[in-house]
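Same chain, two partners: chain A is paired with chain B first, then with chain C.
For the complex of A and B:
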């Protein structure tokens, strides 16, 4: 018997319990109940309500509500949906890849700087984090000013000073998407940097020392030690930022409004427009269900690549 | 004598200080009236109120609200400020009103008023306005607030319209037709300007400002039953003609390609202040903004004229504005709400912000509306056209915004873009 078991046993011996209390103590579900209620009320109920609304004709305009699959039929028949899904894919893929690459690059830079005891590494981390705490709407407005194609637009003014032709950052449909990705990568890189920085800190330094003894160069240490050791962090980060990017619409609405045309109208923005501009609650709910399914499929897909713990671990 | 003068002076100062302190107590950021007043009216408002970003306007509204609440002892007004995302705010308020959790009284954008009326959430206000006051409203205003039962369900207190602003030094003569505007815009480029600026991005302003060109030809978006008909028969031709006009402005260089990204009237003010444009289509309220933004000698160069039409005789301009409506079922609260509309906004509020009144009598009542500029705006209201108050309008507007972006960037031909817009609108209409 361990010390703690003895202590518990002693307490039990001193304080007789009713059978009800004993049953509550022994039943794990009673301990899980508070959190189950919390999750049910604040997370599961809204999801079920969205599912219910998707099977109705609900509208913010009013009118009698009845159950129907018309909203699903309308979604399937919507000719704009393939374009919106493609735009969402490009925006999400570009953002996820960009955030991972820049996040990893900055994290490695900070780690190397700290190992060499360089000054300013904390300041560098803080500066990167500033972008992360800026709200999406403000992020969009900042980049709108930078990308402005007016004669006084920030980036184009600099290009003109360098005798370079100004760029149609937001009015060209192809470039507008790149601009939207750049603004999202700028904001989201900090999160990836934090995740990767924490993962890098957790790598056993003796692995690098052993590799150095074996004569491995910098690239080989990165390729054969750092990346494999960070596999779990990269996959978890991929899940988190993919879901976050799929849900991003605030930065786009303030940067391009989804335009020109539908060039930057991602699924989340389309859902927002469906509910709050077209007042179509049922249509918006169907789109929300679609977003949920996409997120779930991607999350399960990523998770299947996560390294499994051994049974004896 | 000297002593009595001192006493009088002290009494005056004390009264003023006490009065100011009392006024301060009567209005806070989110409340008007004593905090312990038993009757409470919640009022959801836009920036048109005591929280206006212009200190002079804010102060003016604070005085109007304090004067109003002093005439209604026992009441306090809880102020709920909307964000600038008006579309979302109005949609949320509609949902709240439907579920019975909306404010007692609120500012309702005129172009969504029909949605609120159709949802049956607004209370009639006929008992609080005389028939003469209702009859004096401009026809499009009166029609807009009148329900199918003939009752008025809100009070439309201000309106606005779109005009063509120009820098007289660069464009001396007012362009009256589409061709004249194109020629003037191209000529302005020779003087270092970027051409004419219009709204062309993904927002309501793009649709609203452009619709003037469709309406000027007699085009109709919906029929009498609210069914979308803009892509049928003659309307289709007129629609395409108006779309091609904007496309030609961009293709010819008369307007910069960046118009497809403009989603704010402030962009025009910024361009005027930077001296990079001499022509833009904007709202009447921008005249006051230009006056406060530009140096006096620069402001003197700017003037405005009606929006050019396909011919000199074919003119139109979009008119909008704000209404005040009551959601409460309590007759006392409905009366207070009507009082706010009548005593604070309709007239004094118009004069304070120089926002165009909606009835002829108000133009004669306040000196501020006797200025040449305001007389010209009032005259231009003759060509005014409000957006159709039908449930499908938000989707029509959304599709026109998408279409405009596709056409101006060359992603689609006007015909293909119109067909795509019509398909989406008809699909949405079938689900209403």
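For the complex of A and C:
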């Protein structure tokens, strides 16, 4: 497709360009070099170093370092680990399921509204998306003001006005997790909604027409056309938001701080506390390796679900 | 019932559900606004004063007249903007190469760049914290900006690649025939044509950088260097029930710039996101 650059390039340029310069220009990897350097320095090297540190006794306090597997042993023996992993699982699963169901519901609703030319559908989309640009820290603080048991807590003060017993949204271990999930769904739903909205727009309309001719009702159209057509979008979105939720840290530290007790201390927060509160660099590295492994498993799953169509583009 | 009247009934249901959803997403922000406009006495009256009887701008005055707070806002803006510009400078050539060159490892390289997106910044900060301490980059905006750039790079490359894919090649080919060098074409033709894509990527990255908490929280210690996201967290830690209205005002001030930037460029941002989403 492209014109043979080697034959033409530089012939009528204002300044004579050396052939070395041109060879650099025509090599895609020289264009990728800046990205490669930055990702190498700030991602690859640190990742290797995390792997190395996991096998040491390193501490942010300093002191002599030597190689050992003590940190791995300590992690496996750590009685808190099963709780942390379970908390992480509940928070992630709740958020992912909640965001996707809610996101899909809103996307379907907006699509229906647009098809029927109802008012306010763009406004609805915008309102949902606004929550998405709220910084994670602010998200936690805002929901703290809603869940608070103090007089200014919105939900409890409404309950009190209706003469209903207030709920310990943030101080009851079981309910605190639900609160954390609700606040995370509030902020995260927009992403799923926009992904599903784009996928819905991409579905060929003739499929629905054919189904109508065959006498399919609304639910059947959704079940047998919409859902199968959106399979790829749902899979890709699942993995993306699963990993985003696993890495969520700011929204939890500002909402509950991991409490009450350890009820909402997810893996990322636990890793943070290990390294930067207990200054245990080696232990934190082991936990980081664990986080990486979980993400890697999910990322490989993600890649294997992607359709292979890039090759002949 | 005719199918048209059934559709009308469904329209009504659509509106009803839409209102409930809108309320769920709006009420938290309205509550924040309500608290921020109250006096200390009215804060304790809870939901009964959702619309304050004696609304006051005093909390905003208190926040915005504090030079330290203005400094936090400025730091947040500076770090977000520098991070955004830096990211585009690094990402644009790569996006051009991914869009315009045909080479073997292209799609696998693009996938591996995306894979970095999956790594939590926390994981890389564990070792980076020590390097930066040795290099003397702790507690400085330079180190923080560099990490911002690296963190948003994968997304920027993907966004810009799909923007460049969207512009026709014919102009570039004409320039090539006229003897323009590759870099000349990239600089004088591709980049100006892709300006809207650059702008929306820039705003999107700035919004994400504005929310960044972990990186500045860990790397910066001097109070005068903190961006707003870290400052409101610290402020929340020191505030108590009687200063909730001030905290609400501070939160609102921290949140509004991101919302305004998003609203102004909503069409572009949603377009960029959905283009990426459709491609997977």
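Methods note: the second predicted complex is superposed on the first by the 257 of 313 C-alpha atoms of A that agree within 3 Å, B and C clash if a C-alpha of one lies under 4 Å from a C-alpha of the other, contacts with A are read in each partner's own complex, and residues count from 1 in each chain.
Here is the rule we go by: a residue touches a chain if its C-beta (ideal position, glycine included) is under 8 Å from a C-beta of that chain, and two chains touch if they have at least 3 such contacts.
Since the model is a prediction, treat every value here as computed from it, not as a measurement.
When the two structures are aligned on the shared chain, A:79 is found in touch with chain B, with no touch to chain C. Judged by the touch definition given at the top, the superposed model places A:46 against chain C, while chain B stays out of reach.
In the superposition on chain A, A:150 makes contact with both chain B and chain C. Legend: residue contacts after superposition of the two complexes on their common chain; A:236 is shown touching chain C, with no touch to chain B. Of the two partner chains, both chain B and chain C are touched by A:275.
Touch criterion met: A:26 reaches chain C, while chain B stays clear of it.
Look at A:256: by the touch rule set out above, it reaches chain B but stays clear of chain C.
In the superposed model, A:173 lies in contact with chain B only, and not with chain C.
Comparing chain C and chain B on the residues of chain A they touch gives the larger count to C. Overlaid on A, the two complexes show chain B and chain C touching the same residues of chain A, namely 60, 150-152, 275-276. Considering their complex, residues 87-88, 91-92, 94-95, 98, 115, 118-121, 194, 200-203, 256-261, 263, 267, 270-271, 274, 276, 391, 394-395, 398, 401-403, 405-406, 408-409, 411-412, 420, 423-424, 427-428, 431-432 of chain B touch chain A. Within the complex formed with chain B, the chain A residues making contact are 57, 59-62, 70-71, 74, 77-80, 148-152, 168, 170-173, 256-263, 265, 273, 275-280, 283. The touching residues of chain C, when paired with chain A in their complex, are 7, 10-11, 14-15, 17-18, 21-22, 24-29, 31-32, 35, 43-48, 89-91, 93-94, 96-98, 101-103, 106-107, 109-111, 113, 115-116, 118-131, 146-147, 149-151, 153-154, 157, 169, 173, 176-184, 207, 210-211, 213-214, 218, 229-230, 232-233, 236, 241, 244, 247-248, 251, 254-255, 258-259, 261-263, 266, 270, 273-274, 277-278, 280.
Residue ranges on chain A touching chain C, taken from their complex, read 2-3, 5, 8-13, 17, 21-22, 25-26, 28-29, 31-32, 34-35, 38-39, 41-43, 45-47, 49-50, 53, 60, 106, 109, 112-113, 116, 118, 120-121, 123-131, 133-138, 141-146, 150-154, 156-158, 160-161, 186, 194-195, 197-199, 201-202, 232-233, 236, 243, 246-247, 249-250, 253-254, 268, 271-272, 275-276, 281, 284-285, 288, 291-292, 295-296, 298-299, 303, 306-307, 310-311.
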